[in-house]
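One chain, chain A, appears in both complexes that follow, with chain B as partner in the first and chain C in the second.
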Partner chain A sequence: MRKPLPPRQDALWWWRHPAYRRYMLREATALPLFLYALCLLYGVRELGRGETAFQAWLAFMESPPLIALQAVALLAVLWHAWTWFQLVPKILVIPTRHGTLPGHWLRLAHVVPAALCWLLLPLLAWWALGQFAGGGA
Partner chain B sequence: MSGSLKVRVQRYRPEEDDAPWWQSFEVPWSEDTSVLDALNHIKDVEDGSLSYRWSCRMAICGSCGVMVNDEPRLGCKTFLRHYADADEIVLRPLENLAVERDLVSDIDPMLAHIETVQPWLQREQAEAPEAGETLQTPVQMARYESFSHCINCGLCYAACPQFGRNPDFLGPAALTLAQRYNLDSRDEGREARMPFLNGEDGVWACTFVGYCSDVCPKDVDPAAAINQGKVASNVNYAVNLFRLLRGGDDA
Partner chain C sequence: MTRSLPRRSQEPVAWSLFGAGGMLLAFLGPALVLITLLVLPALLADDVAAGHAAVLAALRHPLGALLAFAGLSLTFFHTLHRLCHGLHDLHVPLSARLVGWVGYGTATLLSLLAGVWLLGL
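And then the complex of A and B:
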């Protein structure tokens, strides 16, 4: 007579192996980004309410706990991006004449544009702000 | 290089036990003693009532999968010498599957999932042998070859927390085999398989934990196969949408 023990996944399964802990860390990067997104939405609302409210929001964002949150969110987004760039060669298979494009090229094709965006977008924003401020003066 | 090592084994005898319990053995080892050899030693010398699956001893049959210190491994491909510095090795039946007895897991759910995706070469029209071979170039073969090394050992199912959470998830081996046949230039069964890949328990239930690929004893890389399946599922969605917009059937 059969009497099989049913499988049971306990609540702490993710703590049991480093591979699971790395996975959970990657997924948990969404949490600080979620909080940061809430802060930005709050900022948009305050912007609509006038300059005093917006200045108060800016001061709020510069308070030590919020600076800490933004630092954590920045690290989280960098880590998340890095882990996904590492996984790209598993997903993206680009056939060539003699096989497929090597993984390190695929990773490079993601890392380089991302790094360029990181450098160029803030520069562009800084330049645009300068133009805007210059035009207003 | 030799010595002896404490081997702690999870026991469960359905006739007598209501819950699993632990039994320890001191097992002598030399450089070439595998976990399977240790189990055979225990059964031959210490306790003949111990049950476990095995057959080929060379990582071909896929029978001897067990949890070794909480990692899914083939007993025949895991050696005691790698645990020489540990206090003990702990053997449990494969995670996420029901336990029939001692180290014997019930792999029927996995086999049912594999059958679901119809992992065999399908042709739209039957061909007589006289028509000759269906030829394939080395480049065409390379597209799916690594995915065809699966031996159905179930280690990837023991490694997959999504399968642990939802046993209806088709799981790493089944979705890898679906991708293996979809990528085969000789196969014409893609349209029969895609509904299962697109479904709720298909490729989209995978969250890319990736541990299945770490534990695979044949380097199949199921995580890659499943996530390439997501690309195929997206393409299939667009094709279906186009067909429906033109008043046709989806497939």
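And then the complex of A and C:
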């Protein structure tokens, strides 16, 4: 008789090791980001329906559950970005005369411009919207 | 013995969209959330009309519309790719093909909606 198959890996396998838990946390960042993107898509529709609808969407985005979702989405997207840039050297291998470009350089070349984007784009949006909203708020 | 041709995998396409979405999110995501969380409420509280006009103008501009479409669509493909693979990781007993069709189908539909609504602005 053939030996029976060994039991399948159970559904909680990822809980057993810190590295697996970090992996699952990284994959889980997709859920709040998906919901957040749905909210933005909804915002695009409301924007096209006029000022009152847009105002209602703004109020919706400022309701406590949506504030919480956005706070979670912010943490999620930062964790996503951090883990994403950690993976860059595994995918992007740039040959040089003496081998390949070191991974920490590649990571730095992504993290630094990204951090600048995270800081400068909100400031830019603040400034641009302020221009529109009558000389700054 | 006849051997059927290997099925062409959709994985490279799915992975390209996933990768593009991941890169875009890593660079622009935190800024975008900060904008909707802090900048929009702070600036538009007293003058919604001007804010509506400003956001409308930004998204009516071809470049703004393109960026918004790419941002939404690639985010949908990125997140749904991860969520579909997450179902597999959690041993949810659904066939990978079904999950793939539903996941990428949803991302495609949501992208179409984004395109239609952005063009209709």
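Definition applied: the second predicted complex is superposed on the first by the 126 of 137 C-alpha atoms of A that agree within 3 Å, B and C clash if a C-alpha of one lies under 4 Å from a C-alpha of the other, contacts with A are read in each partner's own complex, and residues count from 1 in each chain.
The rule is simple: a contact is a pair of C-beta atoms (placed from the backbone, for glycine too) under 8 Å apart; a residue touches a chain by one contact, two chains touch by 3 or more.
Computed from a predicted structure; not experimentally measured.
Participant: Once the structures are superposed on A, label A:132 by its partner contacts, choosing first (chain B), second (chain C), both or neither.
Facilitator: A:132 sits against chain C, while chain B stays out of touch.
Participant: Give one of first, second, both or neither to describe whether A:2 is in contact with chain B, with chain C, with both, or with none.
Facilitator: After superposition on chain A, A:2 lies in contact with chain B alone.
Participant: After lining up the shared chain so the two structures overlap, which partner does A:70 touch, if you call chain B first and chain C second: first, second, both or neither?
Facilitator: A:70 sits against chain C, while chain B stays out of touch.
Participant: In the superposed model, which partner reaches more residues of chain A, chain B or chain C?
Facilitator: When the residues of chain A touched by each partner are counted, C comes out ahead.
Participant: I'd like to know which partner A:17 touches here: chain B for first, chain C for second, both or neither.
Facilitator: A:17 sits against chain B, while chain C stays out of touch.
Participant: Which partner chains sit in contact with A:27 here, chain B, chain C, both or neither? Use first/second/both/neither.
Facilitator: both
Participant: Now for A:99: first (chain B), second (chain C), both, or neither, which partner does it touch?
Facilitator: In the superposition, A:99 contacts chain B only.
Participant: Hey, what residues of chain A end up touching chain B and chain C alike?
Facilitator: Correct list for chain A: 9, 14, 27.
Participant: Contact residues on chain A for chain B in the complex?
Facilitator: Contacts found on chain A: 1-7, 9, 13-14, 16-17, 19-20, 23, 27, 87, 90-91, 93, 95, 98-100.
Participant: Mind pulling up the chain A residues that touch chain C in the complex?
Facilitator: Those residues of chain A that touch chain C are 8-11, 14, 24, 27-31, 33-34, 36-38, 40-41, 44-45, 47-48, 50-51, 54-55, 58, 61-62, 67, 70-71, 73-74, 77-78, 80-81, 84-85, 110, 113-114, 117-122, 125-126, 128-130, 132-134, 137.
Participant: Under the touch definition given earlier, write down the residues of chain C that touch chain A in their complex.
Facilitator: 22-23, 25-44, 46-59, 68, 71-72, 75-76, 78-83, 85-86, 89-91, 110, 113-114, 117-118, 120-121
Participant: Show me the residue ranges of chain B that touch chain A in the complex, using the header's touch definition.
Facilitator: Where chain B meets chain A, its residues are 12, 14-15, 20, 70-71, 95-100, 106, 139, 142-143, 159, 161, 164-165, 167, 207-211, 213-214, 221, 223-224, 227-228, 230-231.
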